[in-house]
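Look at the two complexes coming up: subunit A is in both, with subunit B in one and subunit C in the other.
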Partner chain A sequence: MRNVPTVAANTFREAVRDRVLYNLVFFALLMMGAAILVGQISIGIEQDVIVSLGLSAISMIGIFIAVFLGVALVSRETDKRTLYALLAKPVKRWEFLLGKFFGLVMTLTVNTAAMAAGLYVALWSVKHPLVKSDAFLLVAVYLILLKLALIVALALLFSCFTTPFLAILFTAGIYVTGLFAADLRSIKAVDLDPRALRLMQGISYLLPNFQNFNVMSAVVHGRGVPAAIVWQATLYAILYIAIVLTGAAFVFSRRNLK
Partner chain B sequence: MTPAPVDDARWLFKNKGMPQAAIEIENLSKEYPHGFLHLKKKKSLEDLTMRVEDGEVFGFLGPNGAGKSTTIKLLMRLIFPTAGSARILGKSIDDVAMHGSVGYLPEQPYFYDYLTAHELLDYFARFHRLTASDRSARVTAMLKKVGLETTKKIQLRKYSKGMLQRVGLAQAILHDPQVVVLDEPMSGLDPLGRREVRDIILELKGEGRTVLFSTHVLSDAEMLCDRVGVLVGGKLRGIGAPGELVDMKAQGMEILFELSGAAGNLALLEKATRTGERYRVQLPEAELYTALDALKAAGARILSVTQIKPTLEEYFMHLVETDRAQASAVEVSGK
Partner chain C sequence: MNRRASYGLLLGAALLAGFASVWSLQKRVDAARTTLGIESDELTLRSPGVLKKLSLEYAPLLGAIYWTRAVQYFGAKHYANDQNLDQLWPLLDIATTLDPNLLVAYRFGATFLSDSPPRGAGEPDLAVKLLQRGLAANPQYWKLYQDLGNVYYFDKRDYLKASQAFEAGGKFPGTPSFMKIMAAKIAAEGESLETSFALWLDIYQTSTNKEMRKNAEDHLRLVQAEMDIREIDKAADSYEKRTRHRAMRISELVQAGLLQGQPRDPDGFTYELSEQGRAEPNPKSPLREEWMRDKGIEVKK
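Entry: the complex of A and B
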């Protein structure tokens, strides 16, 4: 377990040196543009627009990084064979995987925190001073981060046994269907075979329910998020990530490297 | 593919009374599935059993696809055997702790190119539980040993192939390992680089370490190895000291001589190859003295007389050609 922080720190260093955090420039420009535009066409919805746009951008940019870098965590190492020298050290394969996971989550945390700070600056520029209810934004950002960690775990799992292209496809597919997991559970199709319905509902419970991490509508309108929702989402994410990473470690520990 | 279990009790019983070898391999086999549905199996390594003794420099020889890298990857647990087992310094290769005493240089090594040589070595050293001061001292010493002191702050993406190979060697011996496994360490190196690698291997041997390396360069193997193993088609076809493997009995004699002016009707010249005024002729040992007398009478200047012995290369080529002939015979009979 002592090797995990070492691998994680190097993964973070890799992301920084590969200029992953440059996306922050794009986010900053987007927020500045939005703030200027909203200031000109203001009809009393500045906060709603800025918060919606900001949180959506944080989520989308994060998802993009989580999927693409998450898949590359293992596949790049195996393709370039940088992994060979590392696994010949006293490092267990699951330690390597866990280190890679935490390294990317660390990168996403720094990235998301910087974007959240940018969002507050944009918000302050359109309606200063900030009020106490603006702190709810942090809850939304925290839940986005949990969602991103879950996506990284899924990307890592798929990249352990398939090609990078398919891993990206599978991860993106699971994310999109996971957004509708709750709808699948509550579907009441009259003309659908009951067995097919049960199968669909069964599958929906296996899929990660990404709506658990979406509190944007409440936060945009300045409403608070109940603590129970935050706790449940946290536990759900930790449990799901633990299961997915266990699966990834199981697959990877048996994999023959090229 | 699930890793093949290691039956420790069976192993200990079979090797009772034998001194512990640095590397012990028993019936190691590796098959890869291939074909569209992965239903066919291709054997990369077949039933390999051998030992590398403590303090020995052992060379793995064989053409491409012979199973050299497969064996090394199996030992390093990068791939898993279909059957068989292996131990390094008495520990099963399933035991990750074994890697603490083993250094490994992969074939055509590629490292994190966003790191400098110093950062890479420092990163790898952290896995060996060295204290910060030990780590710093080891990294500095290794960079000096492989001649990368002046370029240690440059990112590896700017390194040449030879420099990367040196970084690879440095990371392999960074933690003072008892056993060093090098996969094609001379590959892609210029003559100077090859000589440096040879010197490092000899230095490791001088320090009492066990070195196992694979190579295509037979002269390197002849020069460095206490013993060599020849793998052809996934099978071990020969193992022993280079001098033992080849027949040491002279196959004939070679005379190098200079002859200026008219040579008269010297019959020997018909068999000789000429370069300027120099001639080289090969003949049976029994005819040596008669030939020397004739040359003396013709006024030739004898430059050297040497025995013709088979080289490791000829032995190697003989094994490869035999294997190819057998393979094509099987193919023909199959058809």
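Entry: the complex of A and C
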């Protein structure tokens, strides 16, 4: 287990070296542009747009990084053949995977925290002073981070047994399907076999429900998020990530790397 | 100049010429499309439900974008004096479905829809529908009751429902006493210039938006002119009773002591008496056109 922090730290360092954090410049420009422009072209939604645009950008940029870097975590090491040198040392395969996971989550945490700080600056520029309800933004950012961690875990799992291109497709597909998990449960199809309907409903509970992490609608309008939603989403993310990483470790440990 | 610099210069000139051609070509394309009558503000996807699904988890952002589109659409049509606002309702419908808590879209959207042309779309029924939807999604937001009351009062002239809306909004803790006063006043008097003035004055005093305040100010000027005209007509009626003939000039009413002095409208122009001896705004006054439109009199340009 002691190898995990070392692999994680190296993964983080590698991501920073790869100029992953350059996206922050794009985010800063986007927020500045929005802060200046929205007041001119719309009515009464300066604050709403800053918050919804900021949170959407944090989420979208994060998803982009989580999917593409998450998939590359294993495949790049294999392609460069650095994985063989690493696994020749006393590093277990599951330790390598866990280290990679935590390294990317660490990168995403730094990235998300920087964007959240930028969001607060943009918000302050359109309405100052900030008020107590603006603190709810942090809850939304925290839940986005949980979602990103789950996506990283899924990307890692898929990259353990398929090509990078397919792993990206599978991760993106699961993410989009997961957003509609609740809708699958409420489908009222007249001519669908009841057994098939039950099966679909069952599957909908097994899919990662990404809407569990979505509190944007409430936060944009300054409404608080009940504590129960936060701790339940946290528990859900931990549980799901643990399942996915266990699966990934299992697949990776049996993978023939020759 | 060496060869490399010459190539650079040539490339720069080629790029410049290329962009100039694109610029010019785009202008021609725009002109051609205008003659084809293709509306750039055509809504491709009109189903709010489908759009909400397609927005994934970014519905609030998309809602804000559609609200901005609605504002831009309304503003552009207003600017171009185009009274065909048939896309306004679909845009507001989509914006409020994507984000049911987007209060500003209900409040301003209802004003855009309900105001009679050329100020708005002249669709008070849709404004009521929008506000009722807003109240269903935001039942604690009493200001939507005030907006509903205003639409019923000014545009639908349904004084019973206007009074009921103000009364319902007035029941929330912390609402200003104005709501209850208006409910009682409208229930007792129906339409009156004093009530209209009070309603617009409240909008003017409480609105933080520039356009909304301007709209309220315009209405206040008009209502003030109506009240002045009513007083002048009263004086003219008294004059007629006293002298058995109708006054043809306001100065006659002043000389008879029925008016303190030459009354002026909110823009500083004196009122005039028509051929029938009824008061009306001065032909030079900016208020006259609006007043005539309000009275259903044809405006000659």
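Criterion: the second predicted complex is superposed on the first by the 255 of 258 C-alpha atoms of A that agree within 3 Å, B and C clash if a C-alpha of one lies under 4 Å from a C-alpha of the other, contacts with A are read in each partner's own complex, and residues count from 1 in each chain.
Following the convention adopted for this analysis, a residue touches a chain if its C-beta (ideal position, glycine included) is under 8 Å from a C-beta of that chain, and two chains touch if they have at least 3 such contacts.
What you see is a predicted model; the values in this text were computed from it and never measured.
After superposition on subunit A, the partners subunit B and subunit C are accommodated together without colliding. Looking at the shared chain after the overlay, A:18 reaches subunit B, while subunit C stays out of its contact range. Of the two partner chains placed by the overlay, only subunit C lies in contact with A:45; subunit B stays clear of it. Here the vertex is the CA centre of subunit A, and the angle it makes with the centres of subunit B and subunit C is 150 degrees, a multiple of 10.
When the shared chain is aligned, no partner comes close enough to touch A:128: not subunit B, not subunit C.
Legend: residue contacts after superposition of the two complexes on their common chain; A:92 is shown touching subunit B, with no touch to subunit C. After overlaying the two complexes on the shared chain, residue contacts for A:10 are found with subunit B alone; subunit C is out of touch.
After superposing both complexes on chain A, the closest C-alpha pair between subunit B and subunit C lies 30 Å apart.
Subunit A uses no single residue to touch subunit B in one structure and subunit C in the other. Considering their complex, residues 2-3, 6, 10, 13-14, 17-18, 80-82, 84-92, 254, 256-257 of subunit A touch subunit B. Subunit B makes touch with subunit A in their complex at residues 1-3, 32, 73, 76-80, 96-100, 102-106, 108-112, 114-115, 123-124, 126-129, 168, 171-172. In the complex of the two chains, the subunit C residues touching subunit A come out as 53, 56-61, 63-64, 67-68, 71-72, 99, 101-104, 107-108, 209, 211.
Those residues of subunit A that touch subunit C in the shared complex are 38, 41-45, 48-49, 52-53, 55-56, 59-60, 176, 179-180, 183, 210-211, 214, 216-217, 220-221, 223.
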